[in-house]
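Okay, got some structures for you below.
Next, two complexes with chain A in common: one pairs it with chain B, the other with chain C.
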Partner chain A sequence: MKKILEIKNLTTQFEMEDYLIKAVDEVDLTLHSEETLGIAGESGCGKSVLSLSIMGLLPMPPGKITQGEILYQGENLLTYKPERMRTIGGKEIAMIFQEPMTSLNPLLKTGEQIAEALIQHKDMDKHQAWEKTIELLDSAGIPGARERAQEYPFQFSGGMRQRVMIAMAIACDPRVLIADEPTTALDVTIQSQILRLLDSLKQKINSSLLFITHDMAVMAGFADRIIVLYAGKVMENASVTDLFKNPLHPYTQGLLKCIPLLGENKYNDRGKIRYLHSIKGNLPDPRHFPKGCPFEPRCPFAMGRCQEAVPPLLLVEKAHEVRCYLHE
Partner chain B sequence: MNKAMILEIKDLLKSFNISAGSFTLGKGLFQAVNQVSLNICNGETMGLIGESGCGKTTLSRLILRLYDADAGKILYYPPQERLASLKRQLDNKKLITENNAIDISRADHHSLKIMGKEMQIIFQDPWASLNPTLRIKDIITEGALVHNIISKKEQHQYARDLLTQVGLDTGDLDKYPHEFSGGQRQRIGIARALSVNPAFIICDEPVSALDVSVQAQILNLLLELQQKRGLAYLFISHDLNVVQYISDRIAVMYLGRIVEQGSAEEIIKNPKHPYTLSLLSAIPGVDERMLKTKLIPRGDVPNQLDPPEGCAFHPRCPKADTKCKKIVPELVNTGAEHLAACFHPF
Partner chain C sequence: MKRRRQNLIYYFSFVLDLSAFMCLMMLKWSWLPAILVVQFFCWLIRLYWLNKSLQAFILVRLLHMIPIMLAVVAIGFMLIQLAPGDVLDQLRLNPDISPKTLKEFEESFGLNQPWFVQFVKYITNAIKGDFGYSQSMKAPVFEIVSQRAGNTLLLALASMVLAWGFSIPAGIVSATHQYKWQDQVISFLSFTGLAIPNFFLAFLLIYLITQTGLWLPIGGMQSPHFSSMSLPEKILDTAAHLAVPAFVLATASMAQLTRLMRANMIEIMGRQYIITARAKGLPNHLIINKHALKNAINPMITIFGVQLGELLSGAALTEQILSWPGLGKLVLSATLSQDLYLVAGSLVYTVALIVMGNLIADILLAITDPRVRIAL
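Presenting the complex of A and B:
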């Protein structure tokens, strides 16, 4: 498969007055064409900063990319000037944000916001752009697209707003779609509709998808390959089947075990309480990440050396990487 | 049901008049809770599930009388060992019904204060529900001091005991809320609820704002406390995986009404209402062998100011016919204490 987006050794940090946060720490990843790559992690793991870094949307300062490369079709986006970056963002690489209400302009008709991208990137005139917009809204499953295009974001429900966002993201047939928690703000029945829509449109325009979520269950049905982030570092990188069947990192193992499964009640067969598996402790404070493995304070298998140095990312099986001394 | 009831809700109604008009909803009468009846037993967890706007939070506010219902009854049946002392404290004897229940729906301000020792709530958002200017010690003992459960002299030791029970370090007593993570704050919220030694706690989405790796800790803590203290919970959530794990019984709400109710096992293995089935089908990565059939509902949740006639779910339901469009189905027993409000149950 062809590599479409490749990130090498990327470090993004925030330089605050009296402390420094390494939000993304030496991350490597490769997105192949037509692949869905899942980025899994909890709050503060750096998953959103990673996507903003790719899009060139990081607020700088305080944000700063201190090292690494973001290669899109072989070219390093980090060397692009802002003007040139604008020809990539929205056209070649498009993003779907978590909060559909705050990411649409409340003062513009939804149709105008989509048409704007078409006029800018696709050299269409107003009329062409409007017709294409209606076609896009229709393909995103919005009933009565011609009338709805004239309406403002507040007239749409949360699920419908996310459909507008998706229509906007696919407007210019991007090669790469980045979806940052696209269904987290939605109700469950709407979530499954949106996920199916996203998957079918991605296939229709043959693009690749970088899918960011904290929800491992959503990930299981959606991604081809998964990268697990913790404290800005890649902890594990595996195909979806390998990751769920044979998770190697203690953090991944814990994450998968602590979610109750459907049909598993709090009582075991003998009527006694069956407690959930849990990961002890809390997520590390980003201002003081541990010196060694960031998961060491919570890890049931921690050894002395885990405190001393961050373990390297080890290739243990074919295309299955893990950052843990247990697998040396 | 062989356990004694602790809370009984009868035909509760609550509407909000949105007269100023809201951008998204428009003007009109918003029927948040519609003819809701529910009972909760001693020491049991009743799960309440539904999507945003279905009225589950309004229902919890009504039980605590943070809102006043338009109609309906809320009866609290004190556990045997609490009955005598509660009766003594209540000045308004008219609130006590002949079968020793306390009519919360008619309670005056003073009686409600006494009821505060019986019923407590744990809120969803651990960032918004703790006073940022108070020390942890004061947050978790304020209730006990107000109710004269402890004296000022006992405060320190009492706070230490509470913190230990919820798994926090006793060295944290003098810290402020901002020094804690989400999971720790939720533990503080739980300690605050426990401080007055209630018999019944409403858990309103207690783990929704937490990271997955911390959720399980809090659920385990809630279970452990229930085992130790015999607490009854009303556990409100939109996450069916979590609700079916922690609950003994489950009620499913849609647009202000309860559409299905039964034991957790029945609801999961034998759902009757198409909405329940669609909630189950929508669980990401659900093992389809667990489902009777898969049902992804069409369209969106309707506007509550202009709800559909008949069964509120009919515009999204594959089984809907002309009857469903006209008549609201009643919640009826389909066997095994399993209630469903549907003309064409699965």
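Presenting the complex of A and C:
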């Protein structure tokens, strides 16, 4: 498979007045063509910052990419000037955001917001762009697309707005789609519709998908490979089957235990009510980062050496990496 | 089919605005303000005449004007009656006029009746188009007010154009270059504008212009030989006379609006849909002028209506100092001489302007914001 997007050793920091936050810390990842790569992790672990770094949308300052490379088809996007980056964003790499309610401009017709991307990147005139927009809205499953294109975002429901966002993202047939928690703000029945739509459209335009979510259940049915992020670091990197069958990192194990199972016994072996599992504690305070493994304070298997240094990313099996001393 | 109906109504609207213009001319408006006012309203309606609900909305708002104006005139009447004395006081001080004549005057003006009787009489006459006779100016109120009001309106509109024309771009530059030198310069200027009182700025400008010998008139509205000028010369002459008072009047609101626009713009630039627009790979000028500007200008439009009132009251002071023959100056002298009908007439005019200003702001808001337009 061809590598389409490769991130090497990327570190993104936020430089505040009296402290420094490493939101993304030496992350490596590779996205092959037509692959779906999932990025999992809880809130605040750097998933969104990673995606904004790729798109070049990081607010700078305070954000700053201090090291690493983002290679899109072999070219380092970090060396691009903003003008050149604009020929990538929306055209080659497109993004779907978490909040469909606020991601569309309330004063512009939905159709216009899609058409302007086409006019910008595809050299279409207004009429062509409008026709293509209606086609796109139709393929995104919006009934009555011709009329709906004339309407404003506030006339759309949340799910419909996310369909508009998806239509907008696929408008210029991008090679890479980044979906940053695209279903988090939607209710569960709409979630599965949107995910199915995203998957089918992705296959239709033969693009790769970087799928960011904290929901492991969603991930299971969707991703080819999964990278688990914790406190800006890659904790585990494995194919979806390996990860679910054989999670190696304690954090991944914890995340998987958090998935509620339908039909699970209400009581545990000792006859007590079984509560949904949760990982105790919180992410470490980014201002006082532990010197060792960031997961050590919450880890049930923590050892003495975990406090001393961050474990390296170990290749355990074929294409299964984990950052934990347990698997040395 | 729909297209043809559109065209029909479009042509009809031209007939409408021509006839409205004729009406105003017959009401002794001078042609320039008549054209301006009629065209402004007709274009607003023409832009959105299709939207039936908007028309109904405008109609309802115009009907609302009636009770508002009645209430304001009633309050104005009451306040003037509360103040001791009346328009005849100056005559009373004159020993040559006998008390009997004064009594006759009182009866003929209806001054011996309670204020509400006077009020009702005034209203019934006003509906017939008779706004009373000014005792101090010795002329019908309507004539005086319509003459002066055009001048004040010209001044207010000029300073509004100046204020908005400067503050919107300045606010955008300030917001998009936050904390850079452009922002610092604009912020410094707008704080200075906020800090200097209008009348002081007027004196300052008078001093500067007279000292530097800069050719700009600093008082009045027309040069002495105005009547012998050709039309373009007349326009130039009026513009030159307008420059100082309009600038003085505009500074405060200019400064205020710039700060507001800056704050709006900064807030909007942080919104999620701006990030979406950036992710689309749109160039900066489109993001600012298309995506952000429309959203940032919305709250400003609401201010537009209030601002007209502010400008009109601010104009009184400026007019007094720079001897601009406007309404503010008139109201001041009318109040001092207790000229009841003149005050009431000016009040009616001012209130009508303010209510109109708010209506215009609402219509503009409906035009720019689909959420308002469709919810109407």
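Structural remarks
FYI, the second predicted complex is superposed on the first by the 318 of 328 C-alpha atoms of A that agree within 3 Å, B and C clash if a C-alpha of one lies under 4 Å from a C-alpha of the other, contacts with A are read in each partner's own complex, and residues count from 1 in each chain.
Just so we're on the same page, contacts are C-beta pairs under 8 Å (C-beta built on N, C-alpha and C of every residue); 3 or more make two chains touch, one makes a residue touch a chain.
As the structure is a computational prediction, the values presented were derived from the model and not from experiment.
Partners chain B and chain C, brought together by superposition on chain A, fit side by side with no clash. After overlaying the two complexes on the shared chain, residue contacts for A:78 are found with neither chain B nor chain C. In the superposed pair of complexes, A:124 makes contact with neither chain B nor chain C.
In the overlay built on the shared chain, the residue A:95 is in contact with chain C alone; chain B does not reach it. By the touch criterion stated above, A:316 is placed in contact with neither chain B nor chain C. Of the two partner chains placed by the overlay, only chain B lies in contact with A:218; chain C stays clear of it. In the superposition on chain A, contact of A:240 is made with neither chain B nor chain C. Taking chain A as the reference chain, the count of touched residues is higher for B when chain B and chain C are set side by side. When the two complexes are overlaid on their common chain A, residue A:283 makes contact with chain B while staying clear of chain C. In the superposed model, A:259 lies in contact with chain B only, and not with chain C.
By the touch criterion defined above, A:104 reaches chain C but does not reach chain B.
Taken over all C-alpha pairs, chain B and chain C come no nearer than 6 Å in the superposed arrangement.
Of the residues of chain A, those at positions 154-155 touch chain B in one of the two structures and chain C in the other.
Of all the residues in chain A, the ones that touch chain B in their complex are 42-43, 154-155, 157, 159-160, 187-193, 195-196, 214-218, 220-222, 254-255, 258-266, 273, 275-280, 282-283, 298.
Listed in rising order, the residues of chain C touching chain A in the complex are 271-273, 275-283, 286, 290-291, 294-295, 298, 368-371, 374. Those residues of chain A whose C-beta lies close enough to touch chain C in the complex are 55, 57, 85-91, 94-95, 97, 99, 102-108, 116-117, 120-121, 152, 154-155, 165, 168. Within the complex formed with chain A, the chain B residues making contact are 23-24, 51-52, 181, 183-184, 211-217, 219-220, 223-224, 227, 238-242, 244-246, 264-265, 268-269, 278-287, 290, 296-297, 300-301.
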